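The first chain written gets the first letter, and so on, giving A, B, C and D; residue counts start at 1 in each chain.
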């Protein structure tokens, strides 16, 4: 969806920013880019009118930019300070370092690895972590280090410490829970706010918790869904990134729901990861702003 | 969707039946029709394998049927008894007498009345009941008697008795709650099992109860829905007939949700009413079997 | 979707603009608004990279704007000239004057009039024109002048002249063909470029021309659609505004397709009209840019 | 979706049948099964009222069937003859031998092989045929023989003879064209009527022929689709099995269409193959009857 620049070496920057709303934000931010020779390729903004909060994503070409990309953060900081903004700037070429956590199901991991091989995600995958050895061969096929960290109720604190060490050694920015069947503790999630992406196999907030397909089957719904969301310390309550659904009927058995739901899970998770890796998401309390 | 018969006066019968599963049900039911000269136009069946229960809908032409339609029930009763079946037979030409309950919102009523004028429903509408006078003129436009029965916490029992009297005098088979904003008491609902159709403005079981659009807005979902279901004495828990959804985004305000949800509500309710009026629905505990 | 302004009398302006792409467009346009005290409420832009063409929609609050709204066009003209832009500015409070053309089908007209009564469109409807008298009573119910202009092959030029006169007398900006069953001549359409909205009852470009439901039925498609587009002098080839679809099956007869398609037609046309009336559409050759 | 039988060794039979419509077909077919001790698990029928043609799918348990499964065809033949029917009977345990033809794109092949490894298709895959060597390693990963048969305009007749030999040696029932980029000649297709499944990357009949994504991009449609159909000697005109769509916008580049379309192609083809492998499809002239 991003326009490709029209010349030069094609380097671009993306700014994601949120701050209290006030007059002139768009103009001043656009001016900051323009006066340094940047050409805006894509600008999208949103105002949460109830909360009076402003959200913006802008990407621009660095081809004739007057300052080095490496100085961009420092140059922007005073403006951000004036606005009281949360912000980050990403340069093209930089890629999120993304760890994938799995258990035994392969469909979400397989989908991510296949798309990754096609270049659909702007990420590197330095490691895959699992509490079971089953998906090791799939990781090996793609040449990605695979770490088995078993988790039991007793060993959970130690296991999480080990997982965090692995992620930190690998310089991980983002963690994707690709049907990872363990609940992360608040001690873990607090370290990666807005940076852990989960897929839940229901249309949240329906069927929170365990075995949502069985819940859906027993309730007799006519549509099932899947939901990708950021993980917070409140189970299945994090900000929703993406959802999708399919119709079912009384003919569908519980096995059919599981089978058909797999397609939803892997597509919804892949879309969420793509949005995240392109820096198109801002968290707004319990919600997300998605600039697609 | 039903095939129209190929000659004669085109009279048809529909049998809806459910009973414990056993060998030979389809064959013996088909034979019952065949040996009396009936030509099956449409047959659909379903077995709930967990519950070992059998569900069937069959329609047939009465053109060369050897017994009068009026004797059909009596002729079928012994077989139904043998099978331990719940069943009903409807003849073409008979039309469900359907009362519509409303409050102030007009969109669902308007949709039903317009479709009814086009002949989309196989029903008669002998009366509309409301706890507010607002929609009287719309009822009058269609020449349908409109009864205002105000409801307060204190007067509810009396009001419901009045509503029941109105429905009984009018020989009502089915009641449609077209955004009727009062909860019916168990004393009311028990009289019309599987015969009161409600529209709830959320994707059940998400956002049960009051103000589901506000709940959806605050939760930040990316999809909203509507659900039509039979009313039982358990609020928003009755068997689901039909659901549908639309995608929303962070740009949609609460007012947008309400506006866009209206389209869902009226279409989903209309589809449910059509399925019911064509005798395509069998209730299976908390679920429905829909033969479409 | 539009943010409501945070104070003052709530007057806003919307600028729609397209021009050859160049550096600094967003910054300079945002600055034009900012330096006059306008607060940008919503800004969306798009670059057609192949054509190197720029498209923008921006709305802003006039609460503290330093020049009178009536002088806005004149103030903006020099910048537009410099950019070689096509543009228009609309002030809140101004409403597109919209004529509706119909024949005998009522569903699209009914949908528009009902939504209009709820305030969903930012338009006035000064007249309804038909080649048949059938929908006169519906127009009368809403108090809208209804003009019957019969059309035959022989009288078409005269009839169109009469229609144009009616529209010009009423100061019409936009014409909606709500299942109007006559093809407008190029002499007519050339007068309203990007201002005549049609609904075609197929998923264009499939089933161009007459009787698309029959074509779809005979082809055995599993999905049918509807398409709303601007009318050009090339039948069913104008820029597409909105499309939608529903699934069908072998059980659906031709009558079912017509019945189910009606729901698509009226919803798709209503969405297109809403987008147009909110000035969210820019035409890009044979395509549209939709800022929603 | 098929009910599993309640005891015995769980063997079942499926009959697919079509014939001119007449009175008593369902009853006599059900009786044929019942009088031999078969228990009907699933029965679905359809009458094409215009063509007066009857279509049926029925599956039943062979647990207490009074004749050996191997004699079933012979036992049924007289009834089929009387009805003038086309028919086939499949026993559980038999699996369609399915060849997959590919060129260079991997997404459809990958999807089929992954689902096959999960047991989603009731097929064997004895060989994969390609006009390019690229996907050999993927075939090898799954242990499936991979045959490269290059095709040029000159060598096409020879190449097709080689392909047919390969399929005949392997006893192939069904051929899946999983983005195989060559048009099969009528000499080829006539040998496999209703047994070659193709995926076309557009919403047929829109964008027939080459480069449909480019066509869709240039036309400015708001929705793109994919279509799976049986191959006849009329390009892209064979009976449609399954279609699906996704919404796009002006922001989507041609590359985005190709990327997003891949998801449609593989899911739609997989669904078509599953329906075919479960013997749920009957061809009705240019259309299909799908018993799902």
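Going forward, contacts are C-beta pairs under 8 Å (C-beta built on N, C-alpha and C of every residue); 3 or more make two chains touch, one makes a residue touch a chain.
Every value quoted in this text rests on a predicted model; they were computed, and no experiment measured them.
Check B-C against C-D and say which one is joined by more contacting C-beta pairs.
C-D
Compute the centre of every chain as the mean of its C-alpha atoms, then state which one is farthest from the centre of subunit C.
Centre of mass proxy via C-alpha means gives D as farthest from subunit C.
Using mean CA coordinates as chain centres, what's the subunit B-subunit C distance in Å?
It comes to 37 Å between the two C-alpha centres.
On a C-alpha centroid basis, what's the spacing between subunit C and subunit D, in Å?
42
By residue number and range, which residues of subunit C touch two or more other chains?
49, 251, 253
Any idea which subunit C residues touch subunit B in the complex?
Going by the criterion above, the answer is residues 1, 107, 110, 114, 118, 120, 141, 251-253, 256, 259, 263, 267, 292.
State the interface residues of subunit A toward subunit B in the complex, per the touch definition above.
That would be residues 46, 48-49, 203-207, 218-223, 225, 239-245, 249-251, 253, 284, 286-290 of subunit A.
Looking at the complex, which residues from subunit B come into contact with subunit D?
3-4, 6, 21, 23-28, 30-31, 33-35, 37, 39-45, 47, 49, 52, 64
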